[in-house]
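Handing you a structure now.
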Amino acid sequence: MPDSILQVNDVSLAFGGVKALTEVSFAVERGSVFSIIGPNGAGKTSMLNCVSGRYQPQHGLINFDGHDVTELKPNDRARLGMGRTFQNLALFGHMTVLDNIMVGRHHLMKNNWLTGPLYWASPAQKEELNHRREVEEIIDFLDITHVRKAVAGTLSYGLRKRVELARAMALKPKLILLDEPMAGMNLEEKEDMARYILDLNEEFGITVVMIEHDMGVVMDISHQVMVLDFGKRLITGLPEQVMTDEHVKRAYLGLEDDSQLEEAS
Amino acid sequence: MNFELLLQLVINGLIVGLLYGVVGMCFVLVYKSTQIVNFAQGEFLLIGAWACWAMLVYLELPFFLGFFLSLGFMALFGVAIQMIVLRPMIGEPIISVIMITIGLSIFFQALTKWIFGVAPQSFPRVFDTQTINIAGLNIELAYLMSTVIALIIMVGFFLFFKYSKHGLAMRATAFDQQVAQSLGISVKQVFAMSWGIAATVSATAGVVIGMVNGVSDSLSVIGIKVFPAVILGGLDSIVGAIVGGVVIGVLENLAEFFDSQYLHIGNMYDIAPFYVLLIILWFKPYGLFGTKDIERI
Amino acid sequence: MSSLSMRPCGDFRTSYKQDNTIFETKTIRWFTAVIIVAACAVPFVFDAYYLTLFIQVSYLGIAALGLNILVGFTGQISLGHGAFFGFGAFASAWLNTQFSIPVVLTIPLAGFLTMAVGMMFGMPAARIKGLYLAIATLAAQFILEDFFARADWFSGGSAGSMAEPVTLFGFAFDSDESFFYIALFALVFMYIWGCNLMRSRDGRAFVAVRDHYLSAEIMGVKLNKYRLLSFGISSFYAGIGGALYAHYLGYVSAEGFTLMMSVQFLAMVIIGGLGSINGTLMGCVFMVLLPEFLAGGVGLVKMTEWGNTPMITDGLAYIKEMAIGLVIILFLIFEPEGLAHRWQQVKNYWKFYPFAY
Amino acid sequence: QESVFVGHLADMSGPTAFVGKMYADGVRDALTYINNTGGIDGTALEFETIDYAYKVPQAIASYKKWKSRNNMVAMQGWGTADTEALISFVAKDKIPVYSASYSGHLTDPMGKNPKTKKPAPYNFFYGASYSDSCRGLVQWAAQDWQEKRGKGKPKFTHIGANHPYPNAPKAACAAYAEELGFEVMAPVVISMKPGDFKAQCLSLKSSATNYGYIGNLGGSVLSLVKSCNTVGTDLQFMANIWGGDRLIFEAAGDGIKDYIFPTMGPFWSDDVAGMALVREISKVSDPAGEQSRVHHYMRGVCSVYYMKEAMLWAKKNGGITGENVRNGMYATKDWVPAGLEGVCLPATWTAEDHRGINQVNIYKGNYNAGDVKIEKVTEVTLERRADWLGF
Amino acid sequence: MAEAAEALSTPESVLSINNIEVVYDEVIQVLRGVSIEVPQGQIVTLLGPNGAGKSTTLKAISGLLRTENGEVTRGDIHFQGKRIDKQAPEQVVRDGLFQVMEGRRIIEDMTVIENLKLGAYTRTDGEIQQDIDMVFSYFPRLQERTGLAGYLSGGEQQMLAIGRALMARPKMICLDEPSMGLSPLLVKEVFGIIDKINKEQGITMLLVEQNANYALKAADYGYIMESGKIVLDGTKQQLLANEDVKEFYLGGGNEERKSFKNLKSYKRRKRWL
């Protein structure tokens, strides 16, 4: 059995009458790119929320990197090395980009409300600067140097997505969860984003779980794809396998006559 | 245990509580449509009561005429305040707007003191019998009247928010002014309407309380008393405001009962509701009827 | 927090250390130093009336800084800050008279005691949000006020309690001139503390919690800890401010710490600018000087002919109060984001000068 | 000396403005009148009135301002909280303060009584202390109970806010009531702001209190009387010095019956020798002479005139300084300021005892269809008991 | 570009933007002279990279700029011959120009139906129920969601936002990235709907999109914006044939579409400026 960093067993989640997830199981191999696709409202984001601790599944187990995290608080999961971005942008709107990313370093830093204010007289300054250096590297990597000091709330949509990614990377995660990282981007930017994702996967060795609607991207960069529909797992497999599945075609792609996607598959 | 006293206190609490409820509803109305916590609520009561008092005493109008005229005046007043002071604040941080209402409260409290003095003034007699007796407790007629008015207003508000187009528009405005504008809702109109209504209804309460206790600047204290009531019921619930008001009213009186009979701590009447408020909020963070914030990500 | 970094051209940063400083430019650093030195000379230049105002600014300013950490940075409205301020005042006096701890020590101790009380009342913050929390703090205000008037052992009850002056190495700081230095030191210390807090780990966590608590939690910030901690720190500031106030006045009365005082602190924070340390001090100066200016204005009115009618002279007190309300209103209408914002815009203007953008 | 400075603190817009305004008028008019008629033997009284709205910090700030800027020699103060807050300051700075707070604490200049928190050597007031006037009322109540042949022990309740001013006589008066054979009930707390006090009245009713001492003033007293009438209590209200005057009756209207209150001087309409001067003084702010002043106004005038006499003495004995003015207060016994005979009661201050007067006049008032009827009930002179000094 | 704009400024253009400049916060200039013409009954699309100022342009049209501390400092905007750049946003809506804002922006604490009803706020006719049914027939998923709209999934919210615009029955709709976050199937459907209401109801559209393929196919005319300036415009055919557009917006120029996997870290970037 391959080494899986994330195992989700039989997770079910319901909101009142709405069954968002029904007995979903999957495993993500360490170092891979794992995509979740599915129609709108299928429960993809809910799945991510269960993994990152925003929602408590009513049933099922989630194992991350050898720890049972099912009951853990979100901040403790972050500590274990789980970063994520959000579908409906969740940046700290009034902070600068730099500070936003520095928040990602939170759990790696030690200074607190007593030592931090003593700044010069404590290790705080050194610590701050060390982390700042690493954050700058991430900023460089994602090409957002020019907006480093801008207030996050005033950025355009696409840039904000990139800052979110930077913030998630700052956590030094082993696993990163991306919720529609390419929504609202044009082709060129999607290419950039794909490049970043690949780099962070290949160079930094971070496992990626990604929700995305752009089939081209999903096909090209993921190692495994899972399809959700109405809260249930439809199929898990290699991209080519998934793309040719009849159910998937009907429920999700609807690509009878779409030449572009055909050529992609 | 002194059951007679207990019963009388509870009845007293119910009746006073309903009045808190009415004022609370105005609060909720403004909050629901503008997200503004109106710290000048008490001053609306005060100004309404003084306006009515002036019409009856200076102009010597008959009660009902004076009363309705002052309601009309208050509607205009509410709209005017909104136009002059709150309109420029549309889209500004909520807390700045709250601070503005605090400024208004300071301003109007001083203004009424200047115009009408610091001494409390009594309303002229309106009803032949001022009180009636329920279970051995004398209750002012004005209070009973207000009970009826309270219920009518409550049902009205409830239907308004649930079903009317303007009610929807108000809620939308409260949620997101920018989106509301993008839907063609005139935020200005919505604000004007809600402040107008709130001022009018508060004035009613002000007149009722003024008839019982006399008119003085302390009427504005009701504005603070109503806070726990509204929070208890849930900031955005019309029914909650009434229930919260009644709960606070009864609580005060129960506190007085236990204090005077057993505890002898003193001042429990004023403080106990706040302890209870903290306890209730602990278990129901959005009050009894308030809607939870949507926490989706 | 500006969207542009305001640095004159040619002043480049060569290290992150330089980029992280509190004072953005050399000029500002010099300017600040000059201000502090100049402040030290105040007692020799100004008379006691101005000194009282300076001292008022410092103890109120310290408390307001704390409130801004809570309201401006963590986004939790508190209506009980005045009561916490009062608690600090009583606590310091109590520690000093009851346990004979020297005042220099009771002041920070009172800060920590108030911090504990603040966290106790902040506990609901873990569950309650927004205006519900604001009203819970209103409850704290009234409960504490009642406590002051009742707890004879602690506050001297409704009669109040005495507070000894600060003494250090046998020297008593009991005059305005000498106390001024204590106040100045405390203010500068707490100011720097605040600035440093906001540029280090926990300060960022506060702002993150304010801006988006859900994502903050997922980024590894312990929500409840920081919600509570910000109550604690803000009360700590309030406690320090209150303690200074107590030992300055020499007497603490149960009556002083009303809702109105809490509102006044809020006004300082909002007028100064939410989430701005410098703004808070500006707001504080504004709120302290406002009544003084108005008193002056009122005096002028009295001298005019039309102003000398009984209607006006009898109403002067009210006119003054109305003016306070009015100034707050007008101020917020024209500068809803506070003095700090205006200051920023002025700076931006000069940065780009002579171009408009 | 060409002129000396006197600070004047007043509450004309705060919670005690109801009476604060009238007292302040008395002080202001008197100060102005003294200046208009030649000052202190040629020395003008410079003064400034500050409306501090009953806020302690503002009072202290004003005090410091006057002290440092104006070289103040004496102060006319007002409230209980601020006066007590200033005790140590004025003692250190040697500036006599004539307050309108009649708190018993202020009467012990040497701190002789163990109950005294801190000695108040520079505090003076014209009037019987709150404790003493409450004692006077209790004395009257005991007699009244006997006359009415009430059965059993009469019950006594202190009613008022939990604030320094209403609380000032609470313990002292309760102790004395107990001494006289009253059953002292748990105090009833009502706020200083008017409101609906029916709940408190219901508990007063159910505890069957016979005599209720009102520690508050103004609007809240009115509310209390009204609420209790609605509830139908059967108790005898006894107000403190600030809680009873013509305006209370006018504002309360029909509801008010047999209301007992103390004074320390005559009413406007009384025909006493000193009234002529008071009327002259009143013309300062009311040239037409239309207003009829309440007794608080007169106490304001007395307060200033005792100070004036002390200053005259000081001028002759080394110049008007704070210390000399204080000594001037001790110079004579049983004295009345010149021209105010009958208006101010003869008073005595000594270096050991600042209980200026210990006499209380007790009145009963009624309102009847637009008519205020006030009649004198009795006059009580209290002992100068050592254990009552400063308590 | 200038001549193209001139060619278009025929009397039939409903919306014409004339050389506008927009400044945020009194100092941050975002648009630097943008001119756009939208002819009656047509679909015009506005493409461009992140941060180019597309959303800003739409906000300038609908008057919402002012709620964000922004200001049109130069130029003017005319809708049906009437100048609207100084008008209040609600008046613009009443005039018949509706904007679907970026990022869904539904009223989260109301139900789906209430949200739809709000879309029809400016209408006074009684056919609202009919239109609600119409929206449900477009997006059947919405009908099943009876709870508060805030609990809808991202895509469902997007559907609701589009549905709400349809409820207003405007003369013109400005759509800000309508396909964002929708599944491929739905993207196609949404463009189908856009096409349909354009053809059937004759509603003019200004479409800001990132999905250039679909957008250009649906549109009659297109503009490309970068850093606050229009850098290229032309008819659908012109743009589809343009090499740069092909490479940077449509994917795959002459050769086959390249795989995302094989992109180089360094890429050729086209900037028209």
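Remarks
Order of writing sets the chain letters: A, B, C, D and E. Residues in each chain are counted from 1.
Assume contacts are C-beta pairs under 8 Å (C-beta built on N, C-alpha and C of every residue); 3 or more make two chains touch, one makes a residue touch a chain.
All values reported here derive from a predicted model rather than from experimental measurement.
Listed here as common contacts of chain C and chain D: B. Following the contact convention of this document, C is the list of chains adjacent to both chain B and chain D. Of all chains shown, the one whose average CA position lies nearest the global CA mean is C.
The chain pair with the larger count of C-beta pairs in contact, out of A-E and A-B, is A-E. Summarising the inter-chain layout, the chain whose CA centre lies farthest from the centre of chain B is A. Among the remaining chains, the Cα-based centre furthest from that of chain C is the centre of E.
Centroids of chain A and chain B (each the mean of its C-alpha atoms) stand 48 Å apart. With centres taken as mean Cα positions, chain E sits 45 Å from chain B.
For this pair, chain B with chain C, the centres built from the Cα atoms lie 32 Å apart.
Averaging Cα coordinates per chain places chain D and chain E 76 Å apart. In chain A, the positions touching at least two other chains are 54, 86-88, 90, 154. Those residues of chain B in touch with two or more other chains are numbered 110, 113, 266-267, 270, 296-297. Of all residues in chain C, those touching 2 or more other chains are 3-4, 146, 149-150, 214-215, 218, 318, 320-321, listed in ascending order. Remark: chain A residues 15-16, 18, 37-45, 87-89, 154-159, 180, 183-192, 194-195, 198-199, 213, 215-217, 220-221, 251-255, 258, 260-261, 263-264 touch chain E in the complex. Within the complex formed with chain B, the residues of chain D that make contact are 13, 17-18, 21, 162, 186-189, 191, 193-196, 198-200, 202-203, 205-207, 218-220, 222-223, 226-227, 230-232, 247, 251-253. Chain E meets chain A in the complex at residues 24, 28, 47-52, 55, 102-104, 141, 145, 147, 151-156, 158-159, 177, 180-188, 210, 212-213, 248-251, 256-257, 259-261, 263, 265, 267, 269. Chain E meets chain B in the complex at residues 62-64, 67-68, 88-90, 93-94, 98-99, 101, 105-110, 114, 117-119, 121-122, 148, 150-151, 164, 168. Taken together, the chain B residues at the contact with chain A in this complex read 296-297.
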